[in-house]
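Next, two complexes with subunit A in common: one pairs it with subunit B, the other with subunit C.
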Partner chain A sequence: MNYTFTLRTIYPYLGELWQAAAVTLWLSSLAIVLSIALGAGIAVLRRSRLRLLRVLGAVYVEIMRNTPLLVILYVVYFAAPAIGIRLSSFVAALLGLTLNSAGYMAEILRAGLIAVAPGQFEAAQSQGMTGWQVFRHVVFPQVFRTIYAPLGNQVIAVILASSLASAVAVEDVASWMQTVGSTSFRFFETFVIAAIVYLVLCQTVNIARLLIGRWLFRQGATR
Partner chain B sequence: MIAYLPLMLRAAGTTLWLSWLAMLIGAFGGTLLALVHMQRIAPFRWLAIAYMEFFRSVPILIVMFFAYYGVPLVLGLDLSPFAAATLALALHASATMSEVVRAGIGSVGHGQWEAAQAAGFTWLQTMRHIIAPQALRVVLPPSIGVFITTLKESSLASIIGYIELTRTGLLVRDSTGGGFAPLLALGVLYFLINYAISQIGAALERRFQTGSRIETVGAMA
Partner chain C sequence: MVYRILGRACAALLLLGMTAGLARADGILQQILSRGTLRVAVLPSLPPYSKVLPSGEPEGYDIDIAKKLADALKVKPEFVVTDIPGRITSLQTRKVDVTIADFTRTVERSTTIAFTEPYLVTTMRLLVPVDFKGKAIAELGDGAGIKIAISRGGTAEQAVPANLPKATLVRFNTQADEMSALLNGQADAMAEDDFYNSQAIKDRPGKLRQLDGLLARAEIGIGLPSGDPDFLRVLNLFVEQLNASGNNAKMFKQWFGFDQPTITVHY
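And then the complex of A and B:
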């Protein structure tokens, strides 16, 4: 128990930390945006008139929600070369994260779509609204209100999950902690620093969504 | 590949054991944390909130790295990969479970506490005979979800060298010439286990018909 906490040995590695933090931020931002797009497609698929498409969407969601992200990452990382595609670590990690997160996004968005009563589409149409107007003024405000909180949770989940990219050789914050820790034998310090980076990222999202939510959902603010 | 299937099934057992143990410790820890969180004394409450926010905002992988590589350096206490993985998984599960338990206890009407007090029940008796049985109905279905998350997270133990299902799949892949089949088998095994468990959860939810679903944070793993 005579371990002394010292950051002096870590100083030389701080430059790499900024790079690693940028990788974590960039990877998770891309994965969030892409998985919202893919998730929206799947959510729509699950409301299709064709039974086959509905089943396909449900199967996708169940597979993604019941398989560990790490296994999905390995499958993408090792399978791509097997079928002749060369993916960089970053692209493989992005693909795995996006595919996995889309399964959760699809469920979040589906819950949002369910919240809009079918009669409202007809009512809006009978008012002579165009498809875009129905989406912009009727569907979107209600869907957004329903998905706002779970969407925030999922954004945080993706940031945390992006740490697994280090398992397929992406040089992110988790990978920084391990490499610097094992070269300097300062695992406590690298852990504290890496934890602070993730804490700051996640709590920024957390606090921002509280403040934005309070501002957006003031009484009658969505009209 | 087929020859390795019994090996992978046994490894699936190891994964189940690891996640079950972590979940058990996590459920106890989470209940304790929920009770601390409900105390009137503010510093206790802050401590519980700080604990929860910390484990909600830090990836379990780096907690596992620290438990395995850092704890021996800092405390001079060597943890095996199994112990380090169990510790990290349990710490993370307890943070989520405390929220689930708190919501469960909160779902029991305040009038019942007062009624029990009026009937001369002590705090422990109220908890044991009145609150816990009712809270359990609300707590159980989302606990299944937390268990599935823990089971998926247990795959991270492979990164610190514990030979569970994922690590076994990778080893089988190495010894069969780097094929694709072991990874697919890995995915299928995890899916079957988790899907079966999630069906149990759905059945429990139907049985108890708890309208209030508890949102758990960070279910992606």
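And then the complex of A and C:
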């Protein structure tokens, strides 16, 4: 190999990198919050007494877990204008990421709900607890503990998946990497820098998750 | 006896290793001649520059230039189909000897790889849907409110803001995505070289047209690893004779369907 790795050559482009990292962080944070909300709704659908709702929930989950995110992004950004829905790059990417992640979030939350034994609902109700009290004191603490670790994995998965948003013209870290690489022909440097940015973002989330988990579940194992 | 044979075998291997080491220290030119093949990085879908047929064989203007170069060196061409980053990294890691893939040369880029003299000069223009308001780039003012699809990191990164400072750049990784954005109204215009634009207009009758006026000119050269002036000398001679002989213009007309614009510039 006849190449001198020279990080110095990338310094002029670092200003745009912070903006790009902010876009990645903002896009993934929004997608995570929205997909937890949507996923919770679908998890509840999948436990509904009505067969139709259960089937609808299952169909949604299977579609989202069995189609590539890139295809969903293309549909939302490039194909939807044909039926009159024109979304900006950011909104299209947010919608695609949310729809996709909600499929996984629904399954994580459903697993948490299943983990609460049905007898506990009955026991709580027989104590005269209201619906909200059952949720707050019996269901939620147990569901939260069950889903805490897989939820952390999904959060990281969303941050990494957000790199595909550059395909629909979002100016995130992956876009910065391609743009600066193509401008300067220094792809090795830009690949390494982008990898470090994603690594730092994800490890920050991971370490925060471990610390918060240790504090929340002081008596039990958190991993 | 056994040890003696083993000893000789070791010595032979060592010698072989040393000659192999020497061969590696040779210039790129010597490697190509010893190998008997010229390894060329090309793009899979940039017609009429290059495209890969269903059979796996590449064809196009850039491909014909590669074949001419291999002929001139009296070796066989070996095509390595790659992507936008791969055209550069495969040179930097010496996986290929040259890249012939619509390569625009700039000073910044030439600090990482070397370029030959140009075999083609293109001009960047704006491709728009037929119902676009306006006939020329000059009518667009500062470009406020206009979304222009460009290739990430391409010539348009500087050329568009220089001409239309208030235009919004919408960046894509491939020309195919830029075209989708343009046809679906996610972008109002697309900045590409006029050869690409001409082909695109021909392929989609009645849908697209070009605006009058130029955004930038780009010099297209052959890319090679840096640090080998001897190889560059040979390639430059090849390009100069390809241009001077009229063979280049002939190939261009065959693939693009119109006469090749002049390559030389009057300062």
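In the analysis below, the second predicted complex is superposed on the first by the 219 of 223 C-alpha atoms of A that agree within 3 Å, B and C clash if a C-alpha of one lies under 4 Å from a C-alpha of the other, contacts with A are read in each partner's own complex, and residues count from 1 in each chain.
Note that a contact is a pair of C-beta atoms (placed from the backbone, for glycine too) under 8 Å apart; a residue touches a chain by one contact, two chains touch by 3 or more.
Source: prediction; values computed, not measured.
Chemist: Does the subunit A-based superposition show subunit B and subunit C clashing or fitting?
Modeler: After superposition on subunit A, which the two structures share, subunit B runs into subunit C.
Chemist: For A:F188, using the defined touch cut-off, is the partner it touches subunit B, subunit C, both, or neither? Pick first, second, both or neither.
Modeler: Both partners, subunit B and subunit C.
Chemist: Have a look and say if subunit B or subunit C is in touch with more residues of subunit A.
Modeler: The partner that reaches more residues of subunit A in the superposed model: B.
Chemist: After lining up the shared chain so the two structures overlap, which partner does A:W132 touch, if you call subunit B first and subunit C second: first, second, both or neither?
Modeler: neither
Chemist: Check the residue A:T9 against both partner chains and state whether it touches subunit B (first), subunit C (second), both, or neither.
Modeler: Once the two structures are laid over each other on A, A:T9 reaches subunit C alone.
Chemist: Touch test for A:W215: subunit B only (first), subunit C only (second), both, or neither?
Modeler: Neither partner.
Chemist: Mind working out whether A:L164 is in touch with subunit B, subunit C, both or neither, as first, second, both or neither?
Modeler: Only subunit B is touched by A:L164; subunit C is not.
Chemist: Is A:L199 in contact with subunit B, with subunit C, with both, or with neither (first, second, both, neither)?
Modeler: first
Chemist: After the superposition on A, what does A:R86 contact: first (subunit B), second (subunit C), both or neither?
Modeler: So A:R86 only meets subunit C here.
Chemist: Would you check which partner chain A:F78 touches, where first means subunit B only, second means subunit C only, and both and neither mean what they say?
Modeler: So A:F78 meets both subunit B and subunit C here.
Chemist: Could you look at A:Q178 and tell me whether it touches subunit B, subunit C, both or neither (first, second, both, neither)?
Modeler: A:Q178 sits against subunit B and subunit C alike.
Chemist: Taking the contacts subunit A makes with subunit B in one complex and with subunit C in the other, which residues are shared?
Modeler: Subunit A residues touching both partners: 1, 3, 78-79, 82, 166-167, 178, 181-182, 185, 187-188.
Chemist: Using the touch rule from the top, collect the residues of subunit A that touch subunit B in their complex.
Modeler: 1, 3, 62-63, 65-72, 74-75, 78-79, 82, 100-101, 104, 149-150, 153-154, 156-158, 160-161, 163-164, 166-167, 173-174, 177-178, 181-182, 185, 187-188, 191, 194-195, 198-199, 201-203, 206
Chemist: Of all residues in subunit C, which touch subunit A in the complex?
Modeler: 84-85, 88-89, 92-94, 108-109, 111-113, 149, 151-154, 157, 170-173, 177, 180-181, 184-186, 225-227
Chemist: Flag every residue of subunit B that touches subunit A in the complex, lowest number first.
Modeler: 53-54, 56-62, 65-66, 69-70, 73-76, 148, 152-153, 155-156, 158-159, 166, 169-170, 173, 178, 180, 183-184, 186-187, 190-191, 194-195, 198, 215, 217-221
Chemist: Give the list of subunit A residues in touch with subunit C in this complex.
Modeler: 1-3, 9, 77-79, 81-82, 86, 89, 166-167, 169, 171, 175, 178-188
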